[in-house]
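Going in written order, the chains are labelled A, B, C and D, and every chain counts its residues from 1.
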Amino acid sequence: MVDLSVDLGGGHRLPNPLMTASGCAANGKELHRFFDVSDIGAFVTKSVMAEPRSGRGTPRMAETPSCMLNSIGLQGPGIEAFVDEDLPWLQSVGARVLPSIAGSSSTEYAHVAATLRASRSFDAVVGVEVNISCPNVANRGLVFACDPLASAKVIALVREQLPRDIPVFAKLSPDVTDITAIAAACVKAGADGLTMINTLLGMVIDTDRMRPQLGGVTGGLSGPGIRPVAVRAIWQVRQAMFEGRIPTVPIIGVGGVRTGRDALELVAAGASAIQVGTVVFNDPSAPVRVLRELCELLEAKGYDRFTDAVAVAHGR
Amino acid sequence: MRARVTQEVAEVIATRRVGAYQHITLVAPGVAELARPGQFVALGVGGESSGTLLRRSFSIHRVSPSGTYGGTVEIVVSAVGAGTRWIVERVPHDTIDVVGPLGKAFPLPTDPVACVLVGGGYGSAPLFWLAGELRERGCHVEMVLGAAREDRLFGVVEARRSCDGVTVTTDDGSAGQQGWVSDVLPDVIDRTKAAVVYGCGPMGMLEAITRVAQAHDAVAQVAVEESMACGVGVCMTCVMPVVGSDGRTRMVRSCVEGPVFRGDRVRWDAFDGGHARVPDDAVGAPKVGGH
Amino acid sequence: MVDLSVDLGGGHRLPNPLMTASGCAANGKELHRFFDVSDIGAFVTKSVMAEPRSGRGTPRMAETPSCMLNSIGLQGPGIEAFVDEDLPWLQSVGARVLPSIAGSSSTEYAHVAATLRASRSFDAVVGVEVNISCPNVANRGLVFACDPLASAKVIALVREQLPRDIPVFAKLSPDVTDITAIAAACVKAGADGLTMINTLLGMVIDTDRMRPQLGGVTGGLSGPGIRPVAVRAIWQVRQAMFEGRIPTVPIIGVGGVRTGRDALELVAAGASAIQVGTVVFNDPSAPVRVLRELCELLEAKGYDRFTDAVAVAHGR
Amino acid sequence: MRARVTQEVAEVIATRRVGAYQHITLVAPGVAELARPGQFVALGVGGESSGTLLRRSFSIHRVSPSGTYGGTVEIVVSAVGAGTRWIVERVPHDTIDVVGPLGKAFPLPTDPVACVLVGGGYGSAPLFWLAGELRERGCHVEMVLGAAREDRLFGVVEARRSCDGVTVTTDDGSAGQQGWVSDVLPDVIDRTKAAVVYGCGPMGMLEAITRVAQAHDAVAQVAVEESMACGVGVCMTCVMPVVGSDGRTRMVRSCVEGPVFRGDRVRWDAFDGGHARVPDDAVGAPKVGGH
């Protein structure tokens, strides 16, 4: 049997490296009808902000070849409802939770982190993922993740609000000229790990109506089609760690994983854990299926420990 | 507890053309056992190398919980795009991946009141099963079927068999009365003194049904059809503005809190040409100058 | 009949807006077996550099969902052979040619442009596309297209070498934080038009061998999966032109076009001409098929002129 | 002028299992009319919503320029991945998009010399047609067929019928002699005094054939199998280092300048574990410190 366990920081040993991806699994109840959400390494919740949010108008999605485009607009109940209802439920079923937090300003991020920390079910939390792909109201809506300084500020403030044994993961956007620069800024600011990648900025025109198909005009591109971009981003950042340009921290890989083989691709490029996002819409039990497939592949290749496969493709 | 749901690889055992539609029978015992009228199934499209990631949703036309092949689920498909074309091209013994049953079923009245069931195009597909359940409860059931032309009507013969009265309309007069279902609906409600109007069809029709029902003191229960990425409640793409029991509007998921909604709860004012705005008074609506 | 003709500058009226994409059509002879290369608006040739180049080792490609990854490494005969053999052949069959030029330094670009200009078949040239997605040896291999200054320098030097009636198109990379900044720099430096987009940087791991699948490690991602990124880039740059942030110049759209509907998407977003790249590998006569489909669509929608559909999705 | 080529939507009229392979017959009159032994066809994979963009290449096993259904093209497919799996799952009357014939055919000797045809696995597929043409020219033709195990041999019976001698090897000894084709090849060449050795199979085998042929004063003509994105000469993915008539090495496209190459022209030294380096002495090779 392959040892699948992995420690992403703070001494929280996860039984395996498979996770849901933020915004692709809601907050647990829905997928629990298809598989036991405590069977995967960690459950990543939908990015939550301070206040309840309606999200954007519809249509909110467009299907594209091997991908989809979404503009949900971070619809959610707000952090108060999240800690009162969603987190306790996840705790009740034994899930290890990686809440994803968001904000329109660095102080909003800090407030959300502080509220989370003060909540009664905080014990279920094994880390916090910071979704920095949000428009920064203080900077004409430029997303935090496109600017190393803005990213660093958010991470530093969030880091301050949380106990040391709760690792903070900065979730990076691929829509930048040099992702290693953003990664370096986040790690320097206190990120204990990185999640890569968020969606790519894309757009679809409805050619029947000759206007943008999404209510939000542009949207986020996700799914198997973007996997090569995720692999590249993980590879580049991991390479920068090998070269000492960024301190070595764990990377959570996400982007277009459909099968165990796909997961292994991200792992070999440098990911210590894997999230399955859009593919859940195709197969609601994809996270446990991918886990099983990954495990079988590692076994067939003679690995004793999952962690031995992390980043092996470097230097070959 | 949420309703139970299953995922199974279903074999196509029958498929036949009915007017402009394809009537497909799938062996899906798990779905067949759990489903109620008004619920839907989500079908995977394409094989192993498919570039079509998202499932396609179809109202359940009928289920047969057991039989020669095990439980079956029937759907009625209109081929409009690449996904539905792939589905209607399946031949017996091909398999299709099915998730279901999904969504909320039509609520049934506790008393044996009169009901009118209104179906637009293939929207009638889930109504025959509903009609049967209502009549079992002693309800007087009439049906109104409308479509653009005769070949886009579904189930007129079955309607006559399973209901106490049937009215047909077509836009071009090629069958039944020329006009829209909303033209004939007032009379049918008045004549039958219907307490509930069930509707399934395009959004514009559902809005009209709701308006007519309200004007005639009936409750409208409508099954909507929103673009859905997941169908299981995790993606938030299928939302629409609906008024809750607390009187506040929220963007609710039509795949889990619908597809059946009380017509008077839907914020029809927010819909416009395929888009739905977030009403300004919705919970968490964007405030002027950002959130 | 829809008037498909389009003028992209310099008074060269093209009979229609369809083009091949650089590197996806070689230099004409091969595709001429499938359709008459003078039937399309212009033939875009493989990016040519000063000297003959062997390109990279193999494997040079990996197939990915609805996409492919390539690392050819600009294999080619060099500009001398190009003007001696390829350009005269294209002229002999009546093609309108948009040569794509490349370099490792701005002076190499200028040299290639000057050699082209001095060549005997220059009459067949209706414009020059400058592939600025090349590693800049003077800047540790950072590609020109990722840096507004380096891009501007190349464009300015190339512009100087060519007669005024030969429009120069800068071909932009989507791998930047703000594509409008690069577009603005290129137009300011003298670009008469923009081609968008080049491939996205991606990577595939060969999970059998647990090493990068491509000989060149990373590669360029292309095909239908990236179309939403192309539409978004075209939209953003066109929007910046509407807002007066960039002078208005024609955009040649490229990225994932498979059908006439796809082409129309790029057109509605702001493209005045369309290139078909990777899809040629799937269907060698795709450029003429897409042209036919686009024409039928425009006709069905009641357009009299192709140019009336350009950028119509803005402000709807 | 380059060889003529066509693109057609071909109907599958027969498909049957042969050992580990699927032997498929396609109605493709255009390809059938133009093809020569050694050329290949490129097949589209998946339907309208396929996420598999690139065609898959197959040696032409045989053509019948006319017949009940019009000209047919036969191929022999080993299902190794998603694309070939899709192809072998096609049933009669399904259609597949075919481009062909592609590449250069096996060059035929002008004199009636003895020839040895060596096929590894499905690599034997194009050799029977070649054998027929050679024998028509009066050549003595022997065949060597090798594979890992018996079910991976293709065409042993047909070889016995169409050749002057057949030697079979398998790695595990499940059929013929245990060992590799290169173990038996020296004897066959010596015995027949063959002037030409034709080979089709995995790269390692082609290199061995070339080595043996050279050592025994025969010319090797080998059909290679490189990963191809377009198959028609426009993408430059299928290149390999080959020495030209001027003695200089170039990265040449195996889809148009191959797939058949003279074995002694291929720079076997550049191949290593699925990769092929650009030899330092190749035209336009990267210089130290960049180009």
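Keep in mind that, in the parts below, a contact is a pair of C-beta atoms (placed from the backbone, for glycine too) under 8 Å apart; a residue touches a chain by one contact, two chains touch by 3 or more.
What you see is a predicted model, and the numbers here were worked out from it, not measured in a lab.
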{"item": "Common touching chains of chain C and chain B", "value": "A, D"}
{"item": "Chain located farthest away, centre of chain C as origin (C-alpha)", "value": "B"}
{"item": "Inter-centroid spacing, chain C versus chain A (mean Cα positions, whole Å)", "value": "34"}
{"item": "Whole-Å gap separating chain B and chain D, where each centre is the average of the chain's CA atoms", "value": "55"}
{"item": "Junction residues of chain B, two or more chains touched", "value": "51-52"}
{"item": "Residue list for chain C, restricted to those that touch at least two other chains", "value": "65-67, 209, 223-225"}
{"item": "Chain contact graph, described as a line, ring, star, complete graph or other shape", "value": "complete"}
{"item": "Complex contacts: residues of chain A adjacent to chain D", "value": "65-66, 224-225"}
{"item": "Of chain D, residues touching chain A in the complex", "value": "51"}
{"item": "For the chain A and chain C complex, residues of the former touching the latter", "value": "62, 64-67, 69, 146, 175-178, 200-205, 207, 209-212, 217-219, 221, 223-229, 231-232, 235, 256, 258, 261, 264-265, 268-269, 297, 301, 309, 312-313, 316"}
{"item": "Touch list for chain C against partner chain D, complex", "value": "23-26, 29-31, 33-34, 46, 49, 51-61, 63, 65-68, 70, 72, 75-76, 78, 104, 137, 206, 209, 215, 223-224, 278-285"}
{"item": "Interfacial residue positions of chain D with respect to chain B in the complex", "value": "45-52, 82-83, 85-86"}
